[in-house]
Every structure is written in C-alpha cells, then in structure tokens.
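Next come the structures, one after another.
You will see chain A twice below: alongside chain B first, and alongside chain C after that.
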Partner chain A sequence: MDGNDLKRVAYYPGCALEGTGHAYNRSTKEVGKALGLELVEVKDWNCCGAMEVKNVDPQVQTYLSARNLAIAEDMGFDTVMSPCNGCYHNLKKAEYDLAHNPHAAEVNDRISRKAGHKTYQPGGVETIHALDWIRDAVGEDELRRRAMGKLAGLKVANYYGCMYTRPRHIYPEKDKGPGSESTLNPHFMDDILAAAGAENVDFPLKTACCGGAHSLSDSDTSTKLVLNILTTAEACGAEVIATECPTCHTGLEMHQVRAEKVLGRKTNVKILYFTQLLGMALGMSASKVGVQENMSDPSELLRAKGLG
Partner chain B sequence: MPIHEKSLIRPENLQTNDHLVIDGVDVSGHWSTFIKPRTITDYNEAMEAVIWALPGGENIHRCWQCGSCTNACTVHAIEPEFNPRYWIYLIRQGLEEELLRDKDIIWQCVSCNKCTYACPRDVVPEGVMKATAHWLELKGHTAKSPSTHFDEGFTESVLATGKIEEGRVLRSFFKRTGQPLNQPWLVALVGGLIRRFPLAFLIRLGWGTVFRPRTRGWRKAGRAIEDYVQERQAAQRLALRLDGKGATDGRQ
Partner chain C sequence: MDPVFPGMLAEIDAFLDGAPAGPGWSQDMLAMGEQVLEAWLAARGEVPGDDTVEGFRLLALHRQGCKGVPSFNACRETCREIVFRHNAAALYRDDKSEMLNQLRLQAMVVKHLALFVGGKLIDSGLGDFCCASRPLHQPGAA
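The block that comes next holds the complex of A and B.
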C-alpha cells in the first residue's frame, strides 16, 4: 500500500454486499464518507467466484476475480478495496496465481480474449481489505480524535474468520513485523475499534472457522462451529462480536437462531459489522449504519451504551 | 504389539483379550489390545496419480505424514473420523477400499485452510480433500454431495448473469437436494426479520426476486467460461476413463 492514494480507491462490494450483507455495504460507505474517503465502484463488476466456483474449476475462479481487477486498472486505479473476506481472498489469490501458476495465467488469457477484454496482468492493482483501508488511509490517531471514546465500555470480541489470513502465501504484505497485519493473531480490527474506545476482550477464536462454506449444505456442522464461537465470546465477557465479512456475519446470525431452534442453546451476544460500530462511534444513528437489517437485534444494548 | 492410540485403528482390526499370558507374563487388561496382523493385496496403484491430476490434488505427492493438517483441522475437532492425514496416506498407498469407508464424510471439508496454513510441505490438504470428494463422485462411489449441489447451482447462476442473488441460490439448493424450504429455523429467522421491519424486509426480498442482479455486457464472458468448463470436464472424464455419466444426482 506504500505510496498508493488510499483517499480515493476502487470499490469492489461483491454479491453478498448487495444481498444479506447490505448493512455492511451501507455502513462501509457511510464511514468512508464521514472520514473523507472516496469509493468509486468497479464498473460492471462480476462475482469473484466466492467459495463455490473453485470447486467446479479453480481457473474459472481466477478468471472471474481477474476480470474485476482488469476493470479497476482500466478505470485508472492502483488499489481496489473489498470489505468481504471472500472477495478480498479471491482477488488476492488471483493475483498470486496469475504470477505463479502459468496454467492459470494461460486460461485467464484465453477466456479474457474470448470475452473481448484486456487480459489482467499481475501487479496491475493492489487489493486491500476494508480494515487496511481505514487503518492506513485514516490512522488510529485520527480515529481516536474523531470518535472521542464513544465505544467506551462496550466489550467486543473481534472475529476475523478464515479468509482474511489464510492461506498465508497469498498475503505477502502480512507478517512483516510491527505495523503489519499478523496472520496468526490479526489485530487491525482490534486496533480500529480500540481507537474508537471499545474494550476488546481476549478472544482466542479470532480466526476460527464458522463453517460458512457449508452454511446450508452441512448446517449441523456449521451450527456446532458457530455455537462454539458464540459461547466462547460470551465466556470471554464479550457483549458484541465484531465482524468484517458478510459470510461470517450471516453465518453467525443464522446459526445463532438455528442453535436455539435445533439444539436448544440460546446465546445473547450481538453480532455487528465493525463498520457499524465505527459508524456509531463517529456519531451516526443506528439506522444510518443499517442496524435494523441485523438479525440479532442489538437495539437494547446500543441504547444502554448510549450508541446509535 | 500393545497400543494406546486405539482411536486411530478400525475397531474390527483390534483384538482385545480378557486374559492373556505371553512368555509367562500376564498381560491381561490394558496391555492386551493388539492390532490384528493382516495382508493387503488389492492396491489401486494409480490412485495417487488420479488425485494428483484433479484440481486441488497437485501437491499430494509432497506429504510426509506429519499430521499437522489433521491437528489443525476444524472438522476433525468436532468429528474425529474426519482425518485428512490418514486419507492422504491411504491415497498414496493405493488403499482404495479403506478410503471408501469414509466416502460419505470427505466432502465435509469447510475450506477453512487451517491445514494449508499448518502444512510444512505445501501439500494444500484442503485442495486434496476437494479433489478426493470430486473423484468419489466422478467414479460413482457417492452421489453428488449437498456441497456439490450448492457449488453447481451457484456456478450456474454466475455463468448466466455474472452475479448471484442469494435468495435464488438458496431456493435452487433446496430444490436440487429435494429439501422443503419451510425449515423451522429458517422460518424463525425470516419471521423475526419480518416482525421487526416488515416493509423494509419485504421490499428488499421482492426487489431481489423481480430484478435479478446482472453484470452488464456479461454474455460473451459467460459463454467463454462455459466452453472452457465443458472442455475441462470432458478431459477429466477421459483421463479417468469414465463413460460420461459420472455420479447420480442423488435424487433417485
């Protein structure tokens, strides 16, 4: 990200942010606006392939992601920001595969030509996550100044999920020591929310898996995995689980309900996107950051904390 | 040989004696569980090469059986039978019959990539799991798994319009797997949202149903991908010497 202008970046929302993750889309844009950052949506973007297309054919997934990178580059950007872990992971993986796997590069070129657009060459644009974007474009000091401790007293478990840090080799900028993100113990979300005043709890399942890939196709496994995350967060004293991925977020919310219905295990921890928390810390109302779209209704907790 | 790690051995391969004396030493009780000696002759020596040739299986030959993958595995933690290290061993040894005993759970890999992170040999066990599950279906050893149904419905939607709409993917999945949509937990979920914000929710739901999201100018790209997928699938069937039918769709 060195040298890239992060005040104005290409924005790749992805399919989930137009559906179940709509509140994440909305709160990300609002937070960007409040912090003076400009997002320009990638024109005519397509699905990155999510976690499904690679199982039909991995090279198709590489092409799908590369097409979006090609468009962002064509629009004159050197950075594309994606708030969804799945999209972020796939764009990063395409970048890596095109540089390291000649077969992937050959297939990408073949399909791109047939589709009638320029073939994306690795190194054209850099993909960053919404966490990188806010942390590096604004900085913790500025966030601290703007939020004035608004999240004080809110106990948060920061949940990063799988695809933000794994597999390690597609994230060459991580694990570079102080200032960089860690793949074993990620902390960018912790840093951002702490700057906004939140009290982060020590949460050992930051990068545990919610079973998102099989949320529907193997619901029992997903419910067990999610229940473990929810009960552990509660045991750690968290009132809120902060998320940074629409699949994790929806998975946690969906299987929180399913665990109660199917296993009779009720949990009370609330699930909010980190951008929703940050938005409210910057003085936005709960409805402005789309809290009404969350399935785990946090309005009572937010009122008690004087938020939204 | 007496053993401690009984969970790693199939129960039918274990022999326990209530009373046993060996060379005048009483080994009754804890020390009298043994692995039965056996001889295996029906190796499928082509198996590693077959998995190696499928997408995801490219690095299987690198495995040195350290077990880091199973140790890190999300699914193994809740289902001890789910054991990537063991399956990689069976594939490399050509022990097809042994592998087939676990054929109904291999697809359950959640792609969390903890194994890939932990592996010191860059085997990408996650990819090997997907390749193995794929092979089981191609060979007709298992019906298409729910996960495959989901992947196929999802991919179809992406190829058709460039994007997915989650409601449509969900309905297509329940239809493909022959499940009713009115699952109690799903009803509770949607019901909860409708109760809180009836209008907003229904408008969003209706919008997604009526106006299917599409990528402008997608047709040529969709067709180019379809051509490529068909070509790849034909090549795979040829490599596996299959008649083109492959797995059943699991709805018979």
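The block that comes next holds the complex of A and C.
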C-alpha cells in the first residue's frame, strides 16, 4: 500500500484502549500527531466481540466486527487501523469469515438489516495494525531521521504475542517475502525501534503463548508462562520488553507482579508499549506517552538512558 | 499447581543456573521437546509417529499434535525455534561462548514448550480463543 494512502486512516481503538490500555491509546495518538499522520475515530464503534462473544456465538462476533468495518467504509475510508492485537485479529477474522462462509455472511446481513445499517461486504476496508501504519506511512528512513538515534543503548526484546500472526490464513498480506511481515518471525516492531536507535536483542519467544486468555481462570499457568518470557528476555540482555497489544502488555505487567508475590521470582525488565518508546524517541516526555499509567515504573531506566 | 514435567523442568533450570552441559545437551533438549509432544499425543490417545519434517521428528510430532486442535499451533513457532537454536548451537561449535548462548536460548524455549503443553494437559482450552480463533474451525465455519 502506498504510504500516502495511510497518512489519514480510520481509527478503531477498541475497548481495551479506553481502559487498561489507555496509555497505548494516548501514545499511539501522540506519535501519529508528531509524525504528521491523522487518525479519524470510527464513529459510534462497538466492541469487536473480543474473546467472549466469539466463545458464545462466533457469527455474532463476526457481525460485531463487520459493523465497525461498515461504519469506517461509510465514513469514506478504505483502511482502518487497530492497535490492539485482539481487535486487529477479530476484524481480520470477520473479513475472512464473510468472504469464505456463506452462513456468516447471511447472519451478518440479517443482523445488519435489523439494526438498520448497511451490510458490510468483504473487501470494502482493509484492516491494518499500528505497526503496519507507522512502518508503511512513515518509513524507516524518516523514522531514523526524526528519532536521531534517541533509543541508542536501549536493549529491547520485542514481544508480539500470538494474535498478531495467528491463525496465518486470516493474514493473507503476511509472508509475502521481503518487505512483508513474517508470521514465523515477525519483525515490524524490531524494524521501527531499530530505526529509532534501539538495540533489539535476539529474543526467541517473540510470539510465544503468555496464557493471556487464561489470565484469570488459570492464573498459575499464565504466571509461569509469563515468568519464562520475562526471564528469557532478561537472559537475552533486554532492559525493556516492547509490546504492541494491550492484553499482552497487561498480562506481562500483571504476572510480573504475581510472579514475585506468589513464586518469589523478581524480574527487573521493564514493559513499555512500542509507541511509548517511539514517542520518547521523537522527543516526547514520559508523561505525554502515559508511562505513569504503566504498572511497572521504568523512570530510573528512562532517566539513565536520557529518555522521557 | 504441580508442574507437569517436573524432572525436565528441574534439569533445564539447573542448566540455566549454571550446571555444565554435556556434549549431547542440545540433542537431549530436542529429545525433551519430543517427550513433551509425545505426552500431549498420548493424552489424546494417539501413538506418536516416527516421521520427520525438515529432518526433525519434533516438527512432525507438532504437526501430528495440532491435527483437529488448532490452538496447538500456539506452540508451532516454539517448536521451530527449538530446532533453530539446535542448529545455531551446532553452527557455533567452534565458538564456545556463542554455542553456550544458543544452548541457553534453546533451553528457555524448551522450557516454554513444557510449560505451555503442561498447561494444556491441565486445561485443554489454553490458547483456544486467542491464537487459534477456534470458532473459525468449528463445523459450519469456513
């Protein structure tokens, strides 16, 4: 996609970015503004169906996501950007479902008519992630020029979580060779932060399961999985784990605290959204990108690195 | 909650805490990964196969283990990463420091596989609604 097409896109923040992921919302908007990009929020958007509705009735979840796509299309956009992995995954899933499952398309049409709005037809809007947006709309060279190596000396492990790449078949644009994202070894966040000067460490658990959906129902499993992600990041030399999903981010932070309390295992690696790091690389203060809203306090590290 | 693979996890932790690695340690860790997947297959009443994918039984076992259980794909990259680190350790056999680094990374990934599969043996729903997007694979879905 031409980067110019992405300078102004529809923005679907999703529920988490209005709650636990508020700092991600804030930092995404601030970074966009600083880079001359415009986000136009989807009017009257609704929940994408998250995990819960998908569990109860997958066709209703497809409808809920499709409604957001229909509104974005009605607003005149052909691209909707979603920073949350769960929302991004669900909008992509709806797109795939409507194109391949006649029953899903029929249910979507029926509910859309009943709700009194246009039925979304697949192919009308392309859903992209915040990583695609920044990388493609701005480009690594421009990021490099703007950030002037501000993240130099900061060792980062990039954690993408699972829903950014799985299941593969709902992401037809990935795995298309050089320049495209890889589902096996995603690298867009690495590329963006490297352009801002960060030193990405060789991190083998980029897409490993954190037990996210089981964070509450089976906390011990989640805590052990997260603890292994944290200790592995530290063993790889990372000072920071960069995240690009509010669920991953909250899970890592929450279970970092729980691992210390329940398992007696303290880890020191800090967890920051990639947009927070990028914002500070662009000269913003830590508070402007919402670092004070994070659970772990990275202020000492940020001061040592001359950030924020 | 008791760990599902206590002996294996203890052995990996001992290595990560500094215990020396024998010459076949990388191969041993590959075997541990296979053992984890064998336990998953056995729990599902299947006989683990002896086939290989890209030269590795671990990858074939993973492929066997995810048939009908798309959430098991949550550990697909974990298995591939184990193989990658195994190969990388072999590549650096003349550079002891880098070889040890690769072995440590391999150990952490094998540990993650054991924790994930252990979690699924306790609660098979782990990963169902995130990685796998299970509803896409249910009858009637595309």
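Going forward, the second predicted complex is superposed on the first by the 305 of 308 C-alpha atoms of A that agree within 3 Å, B and C clash if a C-alpha of one lies under 4 Å from a C-alpha of the other, contacts with A are read in each partner's own complex, and residues count from 1 in each chain.
Note that in this section a residue touches a chain if its C-beta (ideal position, glycine included) is under 8 Å from a C-beta of that chain, and two chains touch if they have at least 3 such contacts.
Values in this document were obtained by computation on a predicted structure and should not be read as measured data.
Following the overlay on chain A, a clash is recorded for the pair chain B and chain C. Of the two partner chains, chain C is the only one that A:232 touches; chain B does not reach it. Within the superposed three-chain model, A:176 lies out of touch with both chain B and chain C [touch as defined at top]. With both structures placed on the common chain, the touch criterion links A:221 to chain B and to chain C. In the superposition on chain A, contact of A:204 is made with chain C only, not with chain B. By the document's definition of touching, of the two partners only chain C reaches A:104; chain B does not.
Judged by the touch definition given at the top, the superposed model places A:166 against both chain B and chain C. When the two complexes are superposed, the chain touching more residues of chain A, out of chain B and chain C, is B. Of the two partner chains placed around the shared chain by superposition, neither chain B nor chain C is touched by A:266.
Judged by the touch definition given at the top, the superposed model places A:58 against both chain B and chain C. By the touch criterion defined above, A:7 lies against neither chain B nor chain C after alignment on the C-alpha atoms of chain A. Residues 51, 54-55, 58, 162-163, 166-167, 208-209, 211-214, 217-218, 221, 224-225 of chain A contact both chain B in one complex and chain C in the other. Those residues of chain A that touch chain C in the shared complex are 51, 54-55, 58, 61, 86, 89, 93, 96-97, 99-101, 103-104, 162-163, 166-167, 170, 184-185, 202, 204-209, 211-214, 217-218, 220-221, 224-225, 228-229, 231-232, 235-236.
Considering their complex, residues 1, 3, 16, 70, 73-75, 77-78, 80-81, 84-85, 104-105, 108-109, 111-112, 115-116, 118-119, 122-123, 125-136, 138, 140-142 of chain C touch chain A. Touching chain B in their complex are the following residues of chain A: 15-16, 18-20, 22, 44-47, 49-60, 63-64, 67, 107, 110-111, 114-117, 162-163, 165-168, 183, 208-209, 211-214, 216-218, 221-222, 224-225, 254, 257-258, 261-262, 292-293, 295, 297.
For chain B in complex with chain A, the touching residues are 55-56, 74-75, 78-79, 108, 110-114, 116-117, 124, 130, 134, 145-152, 154-155, 158, 162-167, 170, 173, 177, 184-185, 188-189, 192-193, 196-197, 200, 204, 208, 213, 215-218, 220-221, 223-225, 227-229, 232.
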